[in-house]
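Residue numbering begins at 1 within each chain, and the chains themselves are lettered A, B, C and D in the order written.
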Amino acid sequence: MDTLSGASRNVLLRAEAIRLVIFDVDGVLTDGTLFFDLQGQEYKAFHTRDGLGIKLLRQSGVEVAVISGRSSEIVRRRMELLGVERCFQGFEDKLAAFGQIKHELGLEDAQIAHVGDDLPDVPLFRRVGLAVAVADAHPHAAALAHWQTSLSGGYGAAREVCDLIMHAQGTLDAAVARFL
Amino acid sequence: MDTLSGASRNVLLRAEAIRLVIFDVDGVLTDGTLFFDLQGQEYKAFHTRDGLGIKLLRQSGVEVAVISGRSSEIVRRRMELLGVERCFQGFEDKLAAFGQIKHELGLEDAQIAHVGDDLPDVPLFRRVGLAVAVADAHPHAAALAHWQTSLSGGYGAAREVCDLIMHAQGTLDAAVARFL
Amino acid sequence: MDTLSGASRNVLLRAEAIRLVIFDVDGVLTDGTLFFDLQGQEYKAFHTRDGLGIKLLRQSGVEVAVISGRSSEIVRRRMELLGVERCFQGFEDKLAAFGQIKHELGLEDAQIAHVGDDLPDVPLFRRVGLAVAVADAHPHAAALAHWQTSLSGGYGAAREVCDLIMHAQGTLDAAVARFL
Amino acid sequence: MDTLSGASRNVLLRAEAIRLVIFDVDGVLTDGTLFFDLQGQEYKAFHTRDGLGIKLLRQSGVEVAVISGRSSEIVRRRMELLGVERCFQGFEDKLAAFGQIKHELGLEDAQIAHVGDDLPDVPLFRRVGLAVAVADAHPHAAALAHWQTSLSGGYGAAREVCDLIMHAQGTLDAAVARFL
């Protein structure tokens, strides 16, 4: 696949070990825009192709979780629809949520991937086995990632990560074959 | 027309036979973003130039239908406004809806085109006479399409398909002439 | 100005004579997306820099009008805020509205500019003294325009037209100077 | 950092002296689109990465203010969340608001930066020590700025300005280090 052509052997080896993918929300599962109306109500926009990627990744046996510094009922509802129960919101210190998920699932750092776009993702980037920055990530975050997607947050970046991990684990072809 | 310059003789021959065009919705008639508010209500955005293309294609005698894995009243209402009555939503298995439309209209596979952006469109891509992927389609879907638009979903991709088919069938010039 | 560098002497001469600029709405003053909610209510997005251009153009003595095939209270309200009273909506045949405005203002075709993005603008393109297509216009409309903006509809295309006309009429420098 | 590579020694010297950054809103903290519904209610979209930049800049000891020609409760609420109390809205003449802020904080022109996108920002551009235009600014405004961001308004332009100033003042590394 074209979008995975930038993945080196090192990245593929890291991806092969992953049992849990943690996504940041704003700027990763969305394009980073925060919509508001006059009453202060918030709106959010996710991407349809990211949704399918998360479903397929979970079906392949990899866990998915969300850790976000902000908090919104919209995120909880969207993730629920995709079967993602571990939705940690309002965590400015993402390491706290990270420790809790890791403990619950009994995983090593090397088995966890984190997808982020900015400085609050950096503490996780330095811990996890596979740190992924979206194409339009802040340069400080991108510089510390093992891999960077070719698509921007909210426009398929999350899907690329799902594809990368399933490709590295040899589960992508079977998932695709179900549609053939 | 510039946007049709990528259409080979093979694609034009396939387009010439088409009597029905089936559009996927999210990522094809929209740019793939799924807007939500706090109450879980959804919002959708279509493109004005796609709307005119669908109207002109129907006036030229080609049927139009929609098959979508998701389901929204917004889609039904928009399609009704464009005169599209066959609106199959909530079909994760698109082949079931495909069989029903095909039967109703008494058409052969070679007379049907499908426009999609992702894996759920692949089963139809392998059946129809003309499989079209939007410019920003997932690589797995794009690889199985006969033709790929130059514009992304939600930004005129559907219009390009309408133009291609009308051009191949010799009905485009007359449709354009009505505006001259 | 950079954005006007593509304007030939012929285009500048045409722009010099303009006393009225008619803007299409969807795809010209907006980026062409049509937002809807579940109740069928519509939302529209205009651009702040287009708004200033229209204000300055009017202050320079050039009239501004809107002719749209669709109809929305949002457009009327936005145009009212910009001082544009002539707001012809729901005119699928734009020539009818064109004739009425022309008669009211007592203008010749050569004194009128039209900014459009698609086939319904073509009848006006063939009549007016200056036909402008936005950067992302449909190829059929762009082919019949005297000039094409470098920015897309909804992202400053209208402003470019205002700048072009004021530049050609020698009123741009004075308008800019008021901000210096 | 890549995004700061375009900053000359002159720009860095100007940035070093800044004690207050004034942001325009529409086209700078947003992408310039003005969303409306049928009732005339307005919606606005900010960017998550700009928000973090403004927070970090304030924590480094630099003041932040907003001066906007338009006025919206959405802006006041968003700025409040980011700790920005000086929110001057509805000021078509931005110099009036500028004078008031400058007086309140007891600053010199050379200690103030302004980030803008269009002609109404030009009077401030000619006064302040550091005038910054966003990537997609109107050419007339961009021509009078000391520096232009590489990202467009609403997509991280404000963050680039925060980074530039903190980099020039030697506070960026410490701020980043807190995330390491």
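Methods note: a residue touches a chain if its C-beta (ideal position, glycine included) is under 8 Å from a C-beta of that chain, and two chains touch if they have at least 3 such contacts.
These numbers were taken from a predicted model, which means no experiment stands behind them.
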Fraction-based call for subunit D against subunit C, same above half, different below: different
Magnitude of the superposing rotation for subunit B and subunit C (Cα, nearest 5°): 90
Centre distance in Å when subunit A and subunit D are each reduced to the mean of their C-alpha atoms: 30
Length of the line joining the C-alpha centres of subunit B and subunit D, rounded to whole Å: 43
For subunit C, residues contacting two or more additional chains: 43
Pairwise touch network: line, ring, star, complete, or other: ring
Every chain pair meeting the contact rule: A-B, A-D, B-C, C-D
Touching residues (chain side subunit B, partner subunit C) in the complex: 1-3, 31, 41-49, 51-52, 72-74, 77-78, 154-156, 159, 176, 179-180
Complex contact set, residues of subunit C against subunit B: 26-27, 32-38, 40, 43, 70, 117-120, 122-123, 126, 136, 138-140
